[in-house]
Each structure stands twice: as C-alpha cells, then as structure tokens.
Amino acid sequence: MSANLSSLFYLLSGILFILALRGLSSPETSRRGNYFGIAGMAISIIVTFLTLGNFGFGFVYVLIFLLVGGSIGAYIAFKIPMTAMPELVAGFHSLVGLAAVFVAISAFLKPEAFNLGVVGDIKLASLIEMSLGAAIGAITFSGSIIAFLKLRGIMSGAPVSFKGQHFLNLSLGILIVFLIYYLCISQLPNIFWSIIIISFLVGVLLIIPIGGADMPVVISMLNSYSGWAAAGIGFTLENSALIITGALVGSSGAILSYIMCKGMNRSFFNVILGGWGATDQSTSSKSQEQKPVKNGNADDAAFLMKNASSVIIVPGYGMAVAQAQHALREMVDALKKNGVKVSYAIHPVAGRMPGHMNVLLAEANVPYDEVFELEDINNDFANCDVAYVIGANDVTNPIAKSDPQSPIYGMPVLDVEKSKSVLFVKRSLSPGYAGIDNDLFYRDNTLMLFADAKKMTEEIVKSL
Amino acid sequence: MEIDPFIFRLSIFILSIFVGYYVVWSVTPSLHTPLMSVTNAISSVIIVGAIIAALSGSSFNIFETSNIFGFLAIILAAVNIFGGFLVTQRMLQMYKKKKK
Amino acid sequence: MIIGSISENKNFESRVAITPDIINKYKSLGLDINLSRNYATHLGIKDDDYKNAGANILTSDEEVIRNSNALLQMSILANENLDKLKENQSLIGVLNPYSNEKKLREIVSKNINCFSLELLPRITRAQSMDILSSQANLAGYKAVVDSFAYFQKAIPMMMTAAGTISAARVLVVGAGVAGLQAIATAKRMGAIVFATDVRLASKEQVESLGGKFLIVEGAENLETEGGYAKETSEEFKKKQEELLKETLKKIDIVICTALIPGKRAPIIIKKDMIDVMQSGSIIYDLAASQGGNSELTKVNEICDSDGVKIMGEANILNKLPVSASNLFAKNMFNFVKNLYDKDKKIFEINLEDEIIKETMVK
Amino acid sequence: MIIGSISENKNFESRVAITPDIINKYKSLGLDINLSRNYATHLGIKDDDYKNAGANILTSDEEVIRNSNALLQMSILANENLDKLKENQSLIGVLNPYSNEKKLREIVSKNINCFSLELLPRITRAQSMDILSSQANLAGYKAVVDSFAYFQKAIPMMMTAAGTISAARVLVVGAGVAGLQAIATAKRMGAIVFATDVRLASKEQVESLGGKFLIVEGAENLETEGGYAKETSEEFKKKQEELLKETLKKIDIVICTALIPGKRAPIIIKKDMIDVMQSGSIIYDLAASQGGNSELTKVNEICDSDGVKIMGEANILNKLPVSASNLFAKNMFNFVKNLYDKDKKIFEINLEDEIIKETMVK
Amino acid sequence: MSANLSSLFYLLSGILFILALRGLSSPETSRRGNYFGIAGMAISIIVTFLTLGNFGFGFVYVLIFLLVGGSIGAYIAFKIPMTAMPELVAGFHSLVGLAAVFVAISAFLKPEAFNLGVVGDIKLASLIEMSLGAAIGAITFSGSIIAFLKLRGIMSGAPVSFKGQHFLNLSLGILIVFLIYYLCISQLPNIFWSIIIISFLVGVLLIIPIGGADMPVVISMLNSYSGWAAAGIGFTLENSALIITGALVGSSGAILSYIMCKGMNRSFFNVILGGWGATDQSTSSKSQEQKPVKNGNADDAAFLMKNASSVIIVPGYGMAVAQAQHALREMVDALKKNGVKVSYAIHPVAGRMPGHMNVLLAEANVPYDEVFELEDINNDFANCDVAYVIGANDVTNPIAKSDPQSPIYGMPVLDVEKSKSVLFVKRSLSPGYAGIDNDLFYRDNTLMLFADAKKMTEEIVKSL
Amino acid sequence: MEIDPFIFRLSIFILSIFVGYYVVWSVTPSLHTPLMSVTNAISSVIIVGAIIAALSGSSFNIFETSNIFGFLAIILAAVNIFGGFLVTQRMLQMYKKKKK
C-alpha cells in the first residue's frame, strides 16, 4: 500500500475516532459512537499491515499476540462487575502507558526500522519525540497502577503526603528534561533507560497524594497523558493516525478532567497537583470512609428519572424549608411530558404540621389525584423505578420497622428502599426531626443529591 | 517552496487538540465513565507503532530485543482495545432507552 | 360646587358612598363635601376621620340636603328626604329605576337630575365606575368565605397522622365577575373547584384560575354553530341537567352567581338535584334577590332540605361593608369626575357622552 | 369485646368519638359497637348510616353503658351515667383529670379503667393517637376561616378598576401545631402573615409556610447561649413587647395560639397593644379557655375595645364538628388498637407501654 | 522567509482565527475574539509579504491598494447605521466572492507565478481547484448582491419563483461540472470564462426564490460559500492559512445557518433550496410586509434582561391562561440574583376578573412589595430598561390615549413603550379582549416573543 | 515513504471543518450577526492569494492582466477586512456589560 493511500486511511480512522468521541457525548448517539471507534481501530490496524506488506512469519506472530491480548481483554470486559468500572479503566490505562514505553524502546533500539537513523545516530527530533513519548508513557503506567490500587482498595484511598513533595516532583521533572537534553547530545542508551525509570517514579509520586474521591479526575488526566504519549510516538513514527488520535485523546482527557473538577466544585490544579488532598479530604473522608455514600448530581438524577417508567415523589420538611414545591411541580411536568408516570407519596407526619405537604403542593397546583397517602401508595414502591425523596428523612427511615429502641419505632414509614433507585435530595447527611441517622443513605440503590432542594430540583429540570 | 512534513504534522496535531477540546465539552456527566473508557480504548491506537516495531527488520530475525518489545506492546494494546470497546458497549447497554 | 351624602338606612345598607380616602380626591377636583353626623361610625370610621380628611360634618340629614348641589348615595333616599330635594340638584346612586319607577318619575319631573349607576354601559371607559363589577367581585369572594366558615368540615386536603381530610369540592354556577372571584377564592383555599356557564368563552377564564369547567358532551358542536343559538335546545338542557345532577352528588358547596341582566335569575339547581346532594352540603345563592339559581332559595333565610343548607343573602356586601364601600366610593368618584366640568364648576350633562346618557334617569 | 359510646351533652360538645367510617376498622379488630340513638344526627349522620356500617343502635344511653365493656367518649360522662359504670369497664376520652379530679378518683376506685387521651406522651409512636395535635390543627384552620368571615374587609390584595384593596396582615402568636396551620391558612388566602414564638426553632417552620417570623433584635445572641435560658430576661421581654406593639399597629387580624402545657396561657397581647390597633381589627384567641393570650379575652364572648374585636371561643371545634370528629375517631381507634389484645380479646393494660402508662388515670 | 517558517506562521494565523470564532460564541469573550481575528489577519498579510520578499515597486502599489480598500472599508464601517447590519454583511460577502474569482483568474492567466505549471499546461489538480474556487466565488458574489438588494429594499423582498426553477438550477450545476471536466482536458480559456459567467447566473437564481425573512440564513450560507471558495484557492496556492480559514469559515457558516433555521423552526433545506419561499412565505409575509415585527427568542430576551438594570413585568390574561406565574416568579428570582431590579406592574383590569393577577402572583408567592398598581408605577417605565409584557395586550395599548374612536379610549394604560426595550410574550399577533390591534408590536424597541407564556418564560429561565 | 503534501492539506482541511463545526455550535443567538460579520472578515484571508497574484512576475511587468486582477482583489479584500472587523467591533460595543 502506498504511503499516500495509507495516510489517507489513517486520516479516515482519525476522523472515525473524532466521531466516536462525539457520539459519546450524548446517550442517544453513544452506542453509534462506540462502533465508530471500533471501525477506526480496525482500519488503522489493517492499514498498518497492508503498508508493511509483510505477511510472512512475523505476521502470524503478530496475529497470535493480537488475539491473545484481545481474548484477555474481552474476558476481563465480560467478567468485571459494573461497579468496578473505574479501577478497570485505570488498569487499562496502565497498559497503554506501558505499550507506549515499549514502542519507544523498540524504536530506540532499532531506529532503522522506523527511518529514524541508526543506533547511536538517531535523528535529533525523533530522539526528543521518542524520549518524551517514553517518559509520558512511563508516568501514565505507574500513575495508573497507583490509581488502580487505590480504587481497588489494595492501597489505602487516603492521600499520602509528605513534606517537600511538590519540590521533589519538580526536581525530578527538571531532571528528566535535563536527561533528554543530555541524551540528544550523547545518544547513550543508559540515559534513555534512566529517563524511563525516573518517569515511573514520577508517576507514582504524582498520584499518591491524591485522595480516593478524586480518582475519577485522575483517571481522566492519565487518559490525557496516554494520549500525549501516543502523539509523541506518532511524531516519531510520522504516523498521522497516532498524531490525530493522540492529540484528540490528550486534549479531550484534559478537558474531561477539568469538567469533572468543575462538576465537583473543586480546583482543577489542586486536584492534579495533589494539593487538595492535604486540606479538605481529611474532614469529608471521615464519614465517607466509615460508610460510603453514592454522590450524584442533577444530570444523573435527570437521566435516571427520564428513563424511568414510574417515579414516586416523597416530599418532606426540607421541601418546605427550601420552598421547592414550584420547582418540583415543574420537574414532574417535564417528566410527565417524557411519558413517565409520577405520583406523590405523602407521609402522615411529613413536615412539621398536619397537612404541611398538602398546603405546599396545592399552592403549586399539584392535582389532587396524583397525591396519595401512605397506605394507598406504600405497595407501589416495589414496582417503581425511582423514588425521589426531597427533603424527607425520618418518614423514610426503615429503622422504625426494625429497632424497638429507636425513638421512631412503630411509626409507619414509606418503603422507598423498595424502589429500584432512591434519590435523596438534602443538604448533608445530618438527621431530621427525630435526630437519628438514616440507614438508607448508605444503601446501594441510593444516590444522594447534596444540595438545597429547590436548587437541585431546578437543575434537574434544566437537565431534563 | 518545499515544506517540511513536520509542519503539516504539527498543524494536524494542533487542530486535533482543538477538536478534542470541543468534542467533549458538552458531554453529559452520566456518560463520563463510558467516555473515559472509549478514549482509553482509542488511545491504544499505539498498536500501530507496536506492529511496526514487531515486524521491523527481516522476517528471520523477528525475535531481536526490539521486536520483542513490539510484541509485548501488541499484547498490551490488544487487551486494551478489546477490553475497552467491549466494556464500553456493556456500559452503554445500561443506557438503552426502555421500550415504552 | 358642594356634594353631600347622608346616612343610609342602616337596617338594609351598611355600605357608604363616600369614604375618608376619597375626600381628598374630590377636594382636588374643587368640590366640597358635606356629610351627616355619624355617617360611617358603624364601620369604625369616626366623624373625625372625615373631618381630618377635609369634609364638613353637618348636624342633620336635612342640612346636608339643603347645602349640597348633589347627593351621592348608595341607594335611593327615604321618601321624606326625597321631598326635600330641590330643582337642579342631582342625585347619584344605585337608584333601582325599575322598582322605584314612580318615585323617580316624580323627582325627575321636579327637574332634579338622577343618575343610577347600575345603568352604566359596559364599555371600557366606564370600567372604573362599574359598580356592578366592583361589588360582584367582592360578593363572589364573600360568598365563598362565608360558606367555608359555615361548612362543618375543613376545606383543604390534609393528610395527617389522624387520617386524611379530603379536599372539599366546590361548584360555581355562573362564571361572570362574581363567579370567577368565587373560583379564585375557593381554589386558593385548596378546594377542588368546578364551574359552569352558558358562555363557552368562560371556559378558558375558569381554567386560567385553576377551576375545572363542566362541559356538556356535544357542547363543542354547539359552539361551532355560533354562540348561544342552540343553547336552549331541549336535549342540550337535559344533558346539562344530567351532568349537573351527577356532579352535585360529590359537591360540598355550591356558589350560585348566574344572572341574566334585567331578568329573573335562571333556575339551575332543581329540587331533584338538591335531593342527591350529601347531607351537610351548602348552596350559597348570590342570585337570591333576583329570584335565586336554586329552586329552594329563600331570601335572607337558611333553608334546610334534608341536611343540605340553602343560603340566600339579599345583600351579602353588608357583611363586607368596609371593602365594598371603598370600591363603591372610588367608582362613584370616577363617575362624578366624568360628570363634573372643572372650568365651569358645574355638572355638565353632556348627552353625547354614552356614560351620562345611559345612567341618567328620564 | 363490645365498645360503646353515648351521645355527648350537645350544649357543650358537638363532636362525637365514633364516626361511621371507623366502625369497619373496629369490626376487623373483632370489636362490636353499641351506640345510643340519634348519636350524631346533629352532624347530618343518620343512625342508619351507623347501622349500615355495622354498629348496633340501642334505645337508651343506659342500655349502651350496660352492654359495653368500654365507653369511648369525647368528654367525661354526666354524673348520672358515671354512676352506671361497673367494675372492669373502661372509659376512654378527654377526661380532663385536673378539673374532674374528684369524679375520676371515685370511679377509678371502683376499679374502672380510665384513659384520658390528652395525657398521651409526645412520642413518635403516639402521633397517630395524638388528639391534641389533630384538634389543634383544625382549630388553627378554623380560627382563621372564622375571623376572615367576620372581618369587614376582604383579605387578599386586589388591584381593580375601582382601586386597590391591600392584603390583610395577620399575626399568629405561638407557632405550634395550631399556629402553623393558622399561618398556612391565612397565607393561602393571600394575607401577609407574621408569627412569633419563643421557640426559635419555629422560625424555620414559619418560613417554610411563607410566614414572616418576628425576631427581637438580639434574639440571635440569646440563641447561641443555649435554648430558652435567657428568654425571660426583663430587657428581652421589653424589647419583645415593643416589637409586638409596633407590629400590631398595622395588623388586621391576630390569631392567638400560645400555650404552656399544664399552665395558664401566657398573656402576650396587653391592653396597651390593643389600644394601638386599628378599629375594625380582630383578635381571635384560641387560648381563651386556658386564660387567653390577650389581656381582654373573655371566653365565648366578643369584646369590643374601641373598635377592636376580641373573640374567645371556648370550643371552636364545635363549629367544625364533622372534620374534628373524623380525626378524633381515628385517634381514638389507634389508641384502642394499641390497648386491645387481639388474641386474648381483652384490653391488655401493659404498664410497660409508655402510652398506656401515661394516659391511665390513677 | 523560508517556506517552513511561513507555513508555521500561517498555522498560527489559522489558530488565531479559530480563537476568534470561539470568542464570538459568548458575549463575555466576544471582543477578545475580534482582536484575535485582527491579529490573525495581520500575521497572514505580513507573512505573505515576507515570503514573497518582493519589496520593490509592486510592493508599494500593493500597500497603496491595501490602504485605499481599507479606508473605504473603515469609512463604511463607521458610517453605516446599526440597523443596516444585515445588508452590510451581505455586501461585504459579495466582495470576498469577487476577490476569490479575481485570484483564480490571475492564477489561470499566470500559473507560473503560483508554481502551477504554465499557461496551457496547468496541473490537473490545480485546475480543478481553481475552477471550483472561481465558481463558488462567483456564486457567492452574485448571490450576495441579490441578498444585498433584497435587504436594502432596492429589490422586492418577496420570493421570486417560476416553474422549472429547481430544474434549471440543477441543469446549470451539471453544466458547470461538465465544463470543469472539459477545461481539464482542453485547458481552453474560454471554458474557464464560461464557468465563471454561468456561476454568476447560478448565484442569482439560487437567491431570488428566497424570501426576505430568510435572508439572515442566506447570508450565513453565502458566508459558508465564500469560505469554501477560499479553501479551494488555498489548495491551488498550497497555502495552509487559506485552507484552514476557508474550511473554518465554510463549516461554521453552514452550521450557523442551520442553527438559525432551527431557531426559526424552519427546514434548512427548504430555505437553502428556496422551496420554503414558495409555500409558507405567502401567508406570513402578508402581515409582515405591511408592518414588520421584530421576532426574538428566549436567548435574546434573557440577554437583554440579564444586562438590564431594571425590568418591569406586565402580566395579563395570557399569563393566567398559560399558568405562567410560577415560571415567571422563577425568572424574576434569577434576574434578581443577577442584580437586576424587578417590579410588577398590575393594570386595574388586567385579566378577566378584578384582582386576577393578584391571585396568581400570590399563588407564586410574589412578595407584595414588588407588586405595584398602575398609578404608582407608570412613571417608572421611562427609566426602565426592559418591560416584560407577558400575555398582556389591551392594557398596554397606546391607542387608548390617542384615538377617541377606539373602544378602549379613555382607559388608563401602562406606558410600556417608554422603556428602552419591550418584550411581548404572546402566541401570535392576534388581539386581546377588546379585539383591536396593538401598535406597540411594530415599534422599533419592541421584540415579539411568540410562544406560550409559560414555555417562553421557562426557556428564558434556562438561558439566564 | 514520502507522503504527498496534498494528503496533509486534506487532513488539515477536514480537521478545520470539524473545528468550525464545533466552534459555533453553542453560540448565543444574540451574537449571530457579529459572528457572521467576523467570519466574513476572516474569509478575506483570500487577500493572501491576491497579494501573491499582484506581485507575481518581475517588478517591471506588474501590470499584466493577471497582476491587475490581483490588485483588484486586494482592494476588495481590504475593504472587507477593515470594514468587517471594525463593524464587528462597533456591534460588540453594544454588548458591553453595563457598570453596576
């Protein structure tokens, strides 16, 4: 295959990757996006074979290795539980990083194969590119390993920090740059190896100070690194598929981690530099580490409810405090437009006054036939997809059914936990009127939406 | 008036950065994880380099050190490619809109 | 010019035609005001309040009549006072020219100008003088508040630890000014509100206040064939009655406001419909003085028909006299302002002006 | 087991302890019900309604007493009926053990089990039996509805062609159960609602209903130093009174609900405050029977203090008897259900149970 | 300057153009965006000079021509009234189109200067590129001229359509393709000229069937054409600045016109193919041509109000019908958060019942001290930036002040027209209760927001 | 393995299309007109071609037909550049956020 033709095909696969990412930005097109990605990858691999035109002995080996790797990958993909996604992605990243390192090493060892000159006299530009690629790849590898261990729980999720950490990282960074410079002058293999080893160390050092809660951001950042590594190798190999894809992955990963930081209301730089871990984490991690809660945002809630077939709203005193009834009504209207069946479950003592919820719902013109008392609706939770608990707490607390010591023992409660997912809108984990903790917050099918009830509901309306 | 291909590559690189920037800018948060796993899968396009590395040289001495690194890289990247796309597929299955 | 007002017969009328707030406005038109003593003390408004606002308090009704160019009243004067009116004086109020025809003819013949405000044309410019609207509005409000107070159950839905009180169901018959305000008031208290009217245009208006409009099946067809035309068809009426009867079974409170201008009020709630209503329900008939919308209405009485209470107040606004007087006084002022020529300092009876022409009793 | 209930003294009490709805529930517990004739006809509930629901209507009170194991009443029986009670019978109701101490001691000594529901502990489990809450809730609602009906002006803001009616201003004193419901009811009618309470926790509750909480300057400081501690300081009291007096100048309707359990109600609206109020304003004192929150309150009278009307109904729920009885009956049922042992078919007087222990009169 | 260096600089100017467009996508960054654009342009021009290295006689001429053109442009830019913006942009487009044609002609006449071969033997690829560039340029030129004339009112805004129009356009298109093919074989100059002339004709034919109301879409589409023309020339001249910028302008223009069509709820293809003009235009143009109204959307309204310092809300019967009070309250809350002073002006007979508006506003918990009656607020309109008239009509109609024949003569009205801008939310131009037309709809400071009052208000909340 | 620069140019072209697509996708409607006028100004980068055309050939025969077309194109593009950017500037002035 001519160089021109293969270039064209590489361009095509780059475009397919762009379309893949684009598809992934909305649920409707996401699966199509994934197919684009697969197609792009297939094209690049096939084109590479055709370009090399080497269908001998080696080709068979390549195929075998490809299949071995592929089978392992497929096996992992099918077996892994959905809850282990984040660590899986982290683990995969480490592989990409290592692959980049290996390719760079290979190029360094046999530059002729890549048109980069000969051993001991590799082209300057290529040398820089390949050592950058190797360094970034190595950082990606060791960083991802640490992230994986933290997420997997093998290593403690707590941030590890020590004095002079930032200084050490900075020094090592400078050292790498210096070594690359020196490599360019001397072309000495040992320098190349040192660069790689130091980079492994940097990867470890970069990730250990970051707390478990920030791992998603870190993973996305490592993703970005792996992209830059690929782009570096791409320049070395003069391969536009690698350049386009590397740049694409590099910048999209960086943006994604930035978006995630913003979504969690944290400073991007603090997270990336591990500074945040030292200050804030300590307080919030306390309660989180004992009992982890799942923390969602408006978009998640909107997504869940939009795709539900029935939703039950459970209002409580917090809705009254936040005066969220109008926003709630609007949310329900939007859901109904989406074809979702919505009803309201009113607990007899929700709020602080008999009929408290009724006053507010009537004010928001909620039709009476959508409002049910406990006895009439309690059985429906088992068949409902989402219970949206807005500012209620005690009235959902299952302890009233189980623990005779509890001050609310014997009170009938709304069985929200029987619905497929429970969304709790409240500002914190603090208890309600009765002053007791609610076990539901920590359940697997519960998503906590920490915010003022009105604000959160308004945001959900926006996302619907 | 011949222009160094490097300049072109640089242009391509920079433009791709812009595209990457824009393309994820408006992604919905519920798709963050699938997006991450698909970008991960895509980044294993490094396999192109790995294949070149593995097959460099003549067919007879393909087990030189440099080739071995290439083969290793192939395995790693392949795990990633298959694993990444398949797991994304699985995740996206969850987002399938229910039949109403 | 001087305008005056004397106390009404407080047995029948608690409202007054001039409130302290409005005096200033008359003054700025250049009009002086004479009032009789204890003019509005029954409303908690002291003579001093009027004095401070700039009115003159005269000792007797007679003096007020003698010293004023025009008399502003709620209703027509007692006979002895009517006799004291002189040529070129004016009398403005709700004079009820149909029932008071003889009296009025007499004084008009004495060259006394009589203006009766319920004759106002319903044009936009007259809206600010429209006493029928202003008073009907309050009547609609008050009918709901009073019947809710009289009702033996709570109105709004309350889900409590001691069980649920379901929301009361209110039917408003006639969705004119009074009916709409009744709907709004019942709705804001948390009642489930139904309404019915022959004007299909009122459907949207009822819904804009959160009420449900009762539509007879086939009503759509009627509408397309143009307005009220077919409305009187026997079949339609029967259907309407059936619908009402069915609805009334679950209705707790009925507020009747349906009127036909210048005619007896239509009878809408028949005896057999009342029979199906639950014991304890209430029918509040604002149309009582025009004959009532229910078959059993008696003016100023509470009838009990097998537990259903039918209330027919003749002048409900006597129970809301302060607000009613405030609005009435403002309507009256706007009317006077239109009539009064500031330069010539007289009432300019310009019969070109639709408002003056229509209200003047001839 | 058979439970019974006889007619109350209808001069003082319109509510009843058993409503037709609830009979079915008693039946499913395995209890039979005896009622005296015309038990609730004054509420529009016919004897047949009870019969259809499964109750037995006996000819006389005496027969009911004789044939029932337990009597469920609103208030304590008349003396002649008390005498008819026999050993091991139970009497459940609002027995008012403080004022009826002697009578109760007597019958308790006859081994008759007396349970007085106002003694219920305020624990979560007892919420469904809590008659104080259920009745206070309705009282708060009714006080607002009645005072609005009595008020001579319209409550909500209305901007009309005949001028603007400004919204009425309501002050609710005491933001407990009754107070909160009063706030909610006044608010939904469109009034501007203020509220005051000594419990600072109630500020958030008041605001959750759209009311404005009156805060004495410096109250924040008090709060930080822990609860009610400093609340009685003279300076604070003075400031509070000044704030109230200032506020009352513009208030149209005051609803008083402040109570201190087991004590005389605190006097909050002093004479000098009433003096600054506008003529025509209303003070509706729900605390009247406990002495009233205003200095001028008289039980079951409407006092007029220079145009300000002070209304003190002793039992406001007599005016809302149907809803009140429904909730009361449900509370009563929940209490009986807790007391009754379904297997042994007796009332199991388990003094381990806080609810039984506290309510039982000894 | 070396080819490499100049390429780098061209790349830089391309990036600056990207940043320029990016800046223009939000009001906050828009001015910065414009500066980026200027910088990018300056760099391209300077780099071109340096690359040519020809600072002799010709250079002076070029400078002179540049300055002459620049002065004309600057003069026009300063003198033109703001209301004439659309036609100005159309006019400018025609210039770009013509410039592209001229450059293509020049290249055709003297291919040596551009390294494209010699006259009579121009490189195939270049020939295709330059004739495509010339054709698109010519279409842009004549199309823009027509758009300009229509907008300027020199030509009637009504769509001109005749039978067989689409067929004619299609034939001409095919003809051009055929001629290009023939040109490649024959290299005959006459063919080249014919291509240009026919393209001029196509431009005219493409635009005349499109109605005046759709001109903004057309302008943006022509913008896109001019980009493609520039890209075509860029390929010919092997100039990456032209390629990047051309592609950028080409695609962004196309997307922009698509977005505008969506915003106006019209089919993109119908507009572009002039099909829409033939069907729908006829009805809606009737009222529009007699009295044009300015038609806005939620974003415009949000933008205006967000940047206002005071806004007065004028509710009417339509608000009640739409039950928009809750959404309205939410909008006002959002505005107040933005530091905007908001009050409500209630006309005594707004709605259909005395106090109608009060009931609804109280339901939405609008504080009473923000609600004013006519007499108290009517003077404030003169000092207010935006009057938001939601479902009101008669109560704002100034005819009540001027025309004694009008049925509402003598009724006091709210002087909304005195505020800087008036937003009217209603579903159509139909009259209110009194059944009379409202002159305000056609005023210059009025923006009509045609939609259900609740929907529109909700959308504004979203855009805030 | 030499690649035709055309391929690179094509890549650049296509990537630029993507960038253009994304960059305006989220523009607020109130900025449509300024955006249009700025893209218009930018599209006169065709002036680069015009300058090349005008100065082609030796300095002495710069008034050949082809050069004249170049000069004309320069004027047209220049009008556009100055006019376009300045008028955008004027429009954007209106959007200046008020001082509060």
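Letters A, B, C, D, E and F mark the chains in the order given here, with residues in each chain numbered from 1 onward.
Operating definition for what follows: contacts are C-beta pairs under 8 Å (C-beta built on N, C-alpha and C of every residue); 3 or more make two chains touch, one makes a residue touch a chain.
Note that the structure is a prediction, hence the values are computed from the model and not measured.
> Along the shortest chain of touching chains, how many steps lie between chain C and chain E?
Tracing touching chains, the least step count from chain C to chain E comes to 1.
> For chain C and chain F, which third chains touch each of them?
Both chain C and chain F are touched by A, E, going by the contact rule given at the top.
> Which is the least count of steps on a path of touching chains running from chain A to chain D?
The fewest steps needed to get from chain A to chain D is 1.
> Could you label the chain B-chain F interface same or different, taking same to mean over half of its residue numbers are used by both chains?
Mostly the same residues.
> Does B-E or E-F have more contacting C-beta pairs?
Spelling it out, more C-beta pairs touch across E-F than across the other pair.
> Mind checking the centre-to-centre distance between chain C and chain D? Centres are C-alpha means, answer in whole Å.
37
> So what's the Cα centroid distance for chain B and chain C, whole Å?
80
> Between chain D and chain E, what is the gap in Å from one C-alpha centre to the other?
Chain centres of chain D and chain E, defined by C-alpha means, are spaced 68 Å apart.
> On chain E, where are the residues touching two or more other chains?
14, 18, 238, 240, 244, 323, 348-349, 354-355, 359, 362-363, 365 - these are the residues of chain E that touch more than one other chain.
> Could you list the positions in chain D whose residues touch two or more of the other chains?
127-128, 133-134, 137, 156, 158, 160-163, 165, 188, 190, 210 - these are the residues of chain D that touch more than one other chain.
> Residues of chain B touching 2+ other chains?
As it turns out, chain B has residues touching two or more other chains at 3, 5, 8-9, 11-12, 14-16, 18-19, 23, 25-26.
> With touch defined as at the top, which chains are paired up in contact here?
By the stated definition, chains touch in these pairs: A-B, A-C, A-D, A-E, A-F, B-E, B-F, C-D, C-E, D-E, E-F.
> For chain F, which residues are in contact with chain B within the complex?
Of all residues in chain F, those touching chain B are 3, 5, 8-9, 11-12, 15-16, 18-19, 22-23, 25-26.
> Show me the residue ranges of chain F that touch chain E in the complex, using the header's touch definition.
5-6, 9, 12-14, 16-21, 23-57, 59-60, 62, 64-67, 69-92, 94-95, 97-98, 100
> So in the complex, which bits of chain E are touching chain C?
Result: residues 317, 320-321, 323, 348-349, 351-356, 359, 362-363, 394, 400, 407-411, 434 of chain E touch chain C.
> Along chain A, where are the residues that touch chain F in the complex?
Touch list, chain A to chain F: 3-4, 7-8, 11, 14-15, 18, 115, 238, 240, 244.
> Give every residue of chain A touching chain B within the complex, in rising order.
13-14, 17-18, 20-22, 24-27, 30-31, 33-34, 37-38, 40-41, 44-45, 48-49, 52, 54, 56-59, 61-62, 65-74, 76-78, 80, 82, 85-86, 88-89, 92-93, 95-96, 98-100, 102-103, 105-107, 109-110, 112-114, 125, 216, 219-220, 223, 226-227, 229-231, 233-253, 255-256, 259-260, 263, 297, 299-300, 303, 307, 309, 339, 463
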